[in-house]
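First chain written, first letter: the chains are A, B, C and D, and each begins at residue 1.
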Amino acid sequence: MISTRLLVSCLDQPGIVSAIATFLYERGANIVDSAQHSTDPVDGTFFMRMEFVDINDEERVALEESFDQEVARRFSMDWRFSYARDRKRIGILVSRSDHCLLDLLWRWRRDELEGEIVHVVSNHPDLEEEVSIYGLPYTCIPVANDGKAQAEHQLLQLLGGRVDLLVLARYMQILSGTFLDQIAVPIINIHHSFLPAFVGADPYRRALERGVKIIGATAHYVTERLDDGPIIAQGVEPVSHRHDLEELERIGRDIERVTLARAVTLHLEDRVIVHGNKTFVFD
Amino acid sequence: MISTRLLVSCLDQPGIVSAIATFLYERGANIVDSAQHSTDPVDGTFFMRMEFVDINDEERVALEESFDQEVARRFSMDWRFSYARDRKRIGILVSRSDHCLLDLLWRWRRDELEGEIVHVVSNHPDLEEEVSIYGLPYTCIPVANDGKAQAEHQLLQLLGGRVDLLVLARYMQILSGTFLDQIAVPIINIHHSFLPAFVGADPYRRALERGVKIIGATAHYVTERLDDGPIIAQGVEPVSHRHDLEELERIGRDIERVTLARAVTLHLEDRVIVHGNKTFVFD
Amino acid sequence: MISTRLLVSCLDQPGIVSAIATFLYERGANIVDSAQHSTDPVDGTFFMRMEFVDINDEERVALEESFDQEVARRFSMDWRFSYARDRKRIGILVSRSDHCLLDLLWRWRRDELEGEIVHVVSNHPDLEEEVSIYGLPYTCIPVANDGKAQAEHQLLQLLGGRVDLLVLARYMQILSGTFLDQIAVPIINIHHSFLPAFVGADPYRRALERGVKIIGATAHYVTERLDDGPIIAQGVEPVSHRHDLEELERIGRDIERVTLARAVTLHLEDRVIVHGNKTFVFD
Amino acid sequence: MISTRLLVSCLDQPGIVSAIATFLYERGANIVDSAQHSTDPVDGTFFMRMEFVDINDEERVALEESFDQEVARRFSMDWRFSYARDRKRIGILVSRSDHCLLDLLWRWRRDELEGEIVHVVSNHPDLEEEVSIYGLPYTCIPVANDGKAQAEHQLLQLLGGRVDLLVLARYMQILSGTFLDQIAVPIINIHHSFLPAFVGADPYRRALERGVKIIGATAHYVTERLDDGPIIAQGVEPVSHRHDLEELERIGRDIERVTLARAVTLHLEDRVIVHGNKTFVFD
């Protein structure tokens, strides 16, 4: 049974759940999972994720129009329906490190991801063969020193309109604000530190120098401000003085791939609502 | 603002959320947090916890009667309203170990617990002074070798009707089915192992002998079958060959007190629905 | 710089560390890492792992003979030298599930494993292509209902004397005591539960039925007694009532592959001493 | 059996372990636990902790002099012997929050700490009664707006020479470099964030604003640079959008008390070697 999700945020007030649930009930839906949270009983913000089955899939436009008129406007909602039947199309950007990429490819083949990986793009040729095994197209778009604009243009030509989500699986290039505006889909990045610690380059070396006892990784939506987008998931592992840089990187790879996969899964299952620079995660 | 919670379980079918939310809305309630889960879209079981504010507190009887007639019967619900204003009265049973007891007392004094500890009972006199510091009555009811029935009778005399929850904070006596029936309130126990591993006595020694690399503790509702009641919360910590029995017990104490406090908190905030021998925890 | 490890266990008494360290120093070794633990200062057992560099690699036989005569006999030691230069040869047995296998193959290719995977054997043909990508031989040895003895005979023909370690990466057949005797190398298995909970078949289903709040996996050496060998590593993850069997299995796969990889890594780096039915892990 | 520990750091070279172990053996010592690590086989730094029993306790001065002459000078060691019989004297500084203080008091009474708490000092009178229960002196030294120098003078008068360790159990005053020089004992602080994230004031509020998914606490030695001393231990817990500031603080308290207790325990058992701005922790 294919489910549909409805995500809503708005100013809190009485009657929202009733209005939504009644609207869905009248269209034959059975709510199988829902979670709702208000940040404050007085003047707070209302966030909700509902997952339901049995809505007639043919009537999407009508459904959404009715919802807009009958419910959403009344409460000035930000809202979207998401249909699990429309598996999201995923583009992956990667540089030379394969661990996050392979982990996503495995999970995809195993049918753990609620989406379809459609293209892998890298600024290096190294991982082409690996990707071809999975029957996926791989395009190498090198980024010359002064060629970021050109590379982004090529990226846009290749992926624009063809993906619903872009995943930076250890892609070591910073995307410009212009590109973010033009590609106009959510982008998830994995940063190899426990943000906001070690923002920027070389976090494992800096973790080693600071002598931290736990290292981490952070999956977040990409915004124009480097390493500062809304955090979706974080992971950590203990380390000790016995670990040198190479070992921190090895431990880190395990954290990175699991944390990124978790964030991608949450996004694909429509479990994340972004509000300001924060996420509400209904897991 | 004092909140009220509604907990519901029933056979799943369309319209339940709508019916409940509309009922509450019509009585002026604002739902501030809710979570719902159905075990299966077809013939599954529906579980829900809703927390709301602004229901007029004076009209409880009327509210519950209306809910029963207008909503609950229609869906053959198991349901209960719980009013945060009615802070639950907690009785604690303890033997000689103080760690779980003190942790609960600290949290209570710090106002972390949504309830009132009203009495501490032990089969030993050891912890009386400690408890008196908190201004709480402490009663020692020794359990002679053949005196379980008598001790339970005394317990019942002392606590029957005076507590809404009994917490076994390392109480080393097994309560009879008769007592459970008669006291007729939920009882939460902390077992010092990661159940179902090491059911029964001396779990740390057996963990040491088995050479496990992680130890744990389990907080569960007490039923007649020893160490087999519905699990509310579990906690774990890594251990190594360097830890002897005494150190396992020390590490274990930290797990036990945190895990028990977590289970008690979940219960007091009405976040647990028991179904069969399992719990649904809306945390 | 290639290191050598020395692993020792014996009855504890004064002078052991001095005797070993002096022996190594006189042969030019520089100890780069060592850990030692005695279970009890009085009549305890002494366990030690020393890692050192600069021993002349040509003189192994002489080295070991001298050590035996000058040090080991004096303290009635169990001991072995292990030379990192001799990368251990690894055979992997697998059934249909690929997650543990792929994880090991990837780590091997990334040079995270201090050993060489030399052969993959399965009782099913499914994973042949996947393994061939890594340039490794794959042999399918089906196990007929009454054909365990024959299959084990084939396994022995194929791998006997050619591997230093056998890894059961979700191999769903029970190996006979006879086979264990004949193959005569350590065998590491991953059991998909937090042993000793859920010994035997179908642990995730039983975890679901028991309603545990944490699931786990256990990597252990294989002995004749099912799921009862010395535990090397265990891993856990929290779960909730929202997870059905399929999701427990998905979460479990992540625990399994990480826990197995960790145990294999510890073994390959000679960090594990087995004593009775327990391991001493110098990590 | 009372143990003695020897902590050593020096430039690595062959022969160090042999020299130390032989020295101890000749004086009748039995090494019960040791761990050693070199940062690099070539020109690395050598760190070692040895724990042994049966050294004649009367001969400390002679022992240390001999060690200095026979072993330490030869390798230009930083070294110290620490005698478990000399339980370290602990002074605790606290402000108004009681959770870290109570946790240490309880562990001390339970004999979990290898040391004696001798005095509790606060800049507020609030916790006096609580401390008196444990039979410990409590001194309130308020810190006026321009009175830090005076308060530190009083602190020094009170504790100077009377403690071997100072623990800042949520002491909300910054100690001057002058005070650190004069008190001249190690000082352990608990910072309520996962350093280096959220250095400085109000870390839980900033964690909330940044929307992190894991919060933490850091126990570190105090140096003149705020929140920048060598890290001894860190702890973390997951959080979600459902947690407001008050709940982050509640979860944080549990992390803080456990992390601080862990760091204090490691220090008291002489498991920490400080080197530059990092710690080597032999746990």
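The working rule: a residue touches a chain if its C-beta (ideal position, glycine included) is under 8 Å from a C-beta of that chain, and two chains touch if they have at least 3 such contacts.
Note that the structure is predicted; figures quoted are calculated from it, not measured.
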Chains touching chain A and chain C alike, please list them. B, D
Compared with chain D, which chain's mean CA position is the farthest off? A
Would you kindly state whether over half or under half of the residue numbers at the chain A/chain B interface are used by both copies, giving same or different? same
Starting from the mean Cα coordinates of chain C and chain D, work out the distance between those two points in Å. 37
Dist(centroid_CA(chain A), centroid_CA(chain D)) in Å evaluates to 41
For chain B, jot down the residues that touch at least 2 other chains. 33, 37, 242
Partner chain C, residues of chain B touching it in the complex: 37, 39, 47, 194-198, 210-214, 216, 230-234, 236, 240-242, 244, 277-281, 283
Touching residues of chain A toward chain B in the complex: what are they? 1, 3, 12-18, 20-22, 24-25, 28-38, 41-42, 44, 53-54
Listed in rising order, chain A residues that touch chain C in their complex are 33, 98-99, 102, 106, 110, 112, 133, 242, 250, 254, 258
